[in-house]
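Letters A, B, C and D name the chains as they come in the text, with residue numbers starting at 1 for each one.
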Amino acid sequence: MNVGIVIVSHSPKVAEGAADMVRQMVGDSVPLAYTGGDEAGGLGTSVARILDAINAAWSEAGVAVLVDLGGAETNSEMAIEMLPPERRERAVICNAPIVEGAVIAAAEASGGSSLAKVQAVADELSSQ
Amino acid sequence: MNVGIVIVSHSPKVAEGAADMVRQMVGDSVPLAYTGGDEAGGLGTSVARILDAINAAWSEAGVAVLVDLGGAETNSEMAIEMLPPERRERAVICNAPIVEGAVIAAAEASGGSSLAKVQAVADELSSQ
Amino acid sequence: MQIDSALRRRLIEEMAATVEAHCQELTELDQAIGDGDHGTGMKRGFDAVLAHADKLADQPLPAALRGIGQTLVMSMGGASGPLYGTFFLELGKALDENPDRAAFAAGFARAMAAVAARGKSEPGQKTLLDVLAPVSAALAENETPAGIARVAAEAAEATVPMQALRGRAAFLGARSVGHMDPGARSASLIIGAVCAVLEGTSG
Amino acid sequence: MQIDSALRRRLIEEMAATVEAHCQELTELDQAIGDGDHGTGMKRGFDAVLAHADKLADQPLPAALRGIGQTLVMSMGGASGPLYGTFFLELGKALDENPDRAAFAAGFARAMAAVAARGKSEPGQKTLLDVLAPVSAALAENETPAGIARVAAEAAEATVPMQALRGRAAFLGARSVGHMDPGARSASLIIGAVCAVLEGTSG
């Protein structure tokens, strides 16, 4: 099973649009979930929804989480810490831009790469 | 007048969501326009719409264009070349991620920074 | 310091009321150097805590603190949600049911360290850590509740001339100077609320 | 080579008909190693050119070519739009009204260089440049239209074992090997269409 991709943006529209771009590239070959917006529907993120997204995109090969700004990252960290212990090690936050990183990570994941490889390829984007 | 920000995504939703995030940070202090989608409304970009967006966000201080993937960049380059000569030098494409770059560039622009400074701050994101 | 169920309830109510009363102020501070949602985020968080006040106050202090942290994490939605959440969660893990002053100071220091780790930050970067750090020091020095509230308020004020190096305010670079950090202000308000309640009791 | 208005019209029609006939094939090639829109993008572009065929064919060759380029740029919408657009625009700038074979070969080479500059790319990266480059060489060697069409088709085939280093296919790394590049295929189709028309005339 391929590595899953989770997109966590402050904006529900960014999250959904980035997911559209991922789907266009990799079809259904990669588990994919996205979330954006805080508990009240404003710009922000929600730990509960991030948890749901991680579980929805869950793969035994792990999931790579793409985030935009600060709060999306810290809230995703919290969500990962709340996963059951056996899942916790297999959910990683990429140090990559959310849209470009999601497309690249998904393309890599669609080829059956390991979580470490998917993360490394996405992270490379930040150092180009 | 502050530098303008133009957001050019393959996805109309990403473009609009990123613009929402920019507006939340800088209000109306920065001219802002966005576009996403090809001529048929699919994922892609349109030179004509990019031109419209650049003109809509036009500022005498120049505009910084944020793009996501390959086609968004080349189409934005074409659009810039089609600007009247006196505008051409004052429209630059940032080498920065679209969402994170738009927010950072807009925050910088809102302080009255020059186009070169706005671009430099956004470009730094790619080398962190 | 005996913090019984009634006192736990009063602490929750006072924190929530203080956040409610200062929601607009926090919003405005965050509008100046951030995205303007710190007031609503804090209010959402402490309203959620208030909604569960009965259940939370009924639990022993450590569980009550962990419950508050969990509730804040799940409801706030901004960068500060996991920071406040982590603070209460770790404080709950560090304290026993009847902490003495030294145990409380040590627990506070441990919770603050967890916040710094979560935020990859340290004092001096114009964040809520710039309030937590001097308060932690004052606690260790056996300061009174009123004195601690004063330390917190002054520490929040002291963020005004700082340049932000963490969070969205950092995007503004030098322009973040001249504004109080919203998170520092909210931390001083929460600490002030707690101190006001405790000052009225044994101390 | 005299390319009069009627011939210009036939060239436009043949290019558009070829793209139309192979739209699905281009889509499938792009689905394999890209985002699957190259067929619809090419069709949108050449349909737009066809829609203006009268106006375009009435203009002298350089203006007609520039008009085609402009139309492609404004309608295609993918990474290949500015590349095809640049090719026709630059060819139009390079040629005069009645280019001889040498002038055409030189103009083609210049247009190809502009495409490479636009794409920040070079032959060997599994793109349409891998078709344009051998065709440019064959033109300089005075190859017949039929021969050039063959060179183009073979060059497109030769992209199958290449690894993509530009465009979205590059995201796939080694997995891009084993598929024909959609842009190389479309370039070979366009060149084939032009050669088929010219082969039927003086050559």
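Note that contacts are C-beta pairs under 8 Å (C-beta built on N, C-alpha and C of every residue); 3 or more make two chains touch, one makes a residue touch a chain.
These numbers were taken from a predicted model, which means no experiment stands behind them.
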item	value
Gap in Å, rounded to a whole number, between the CA centres of subunit B and subunit A	25
Where subunit B and subunit D are represented by their mean Cα positions, the distance between them in whole Å	30
Length of the line joining the C-alpha centres of subunit C and subunit D, rounded to whole Å	64
Touching two or more other chains - residue numbers and ranges from subunit C	35, 37, 168
Contacts with two or more other chains, residues of subunit B listed in rising order	21, 24, 43, 69, 103
Contact graph of the chains (line, ring, star, complete, other)	other
Interchain pairs in contact, sorted by label	A-B, A-C, A-D, B-C, B-D
In the complex, subunit A residues that touch subunit B	9-18, 20-21, 24, 36, 43, 68-69, 97-101, 103, 125-128
Subunit D residues touching subunit A - in the complex, by the definition given at the top	31, 34-37, 168, 171-173, 175
Sites on subunit B touched by subunit D in the complex	38-40, 42-48, 69-71, 74-75, 77-78
For the subunit C and subunit A complex, residues of the former touching the latter	35, 37, 40-41, 44, 73-83, 85-86, 118-119, 166-168
Subunit B residues touching subunit C - in the complex, by the definition given at the top	21, 24-25, 103-104, 107-108, 110-111
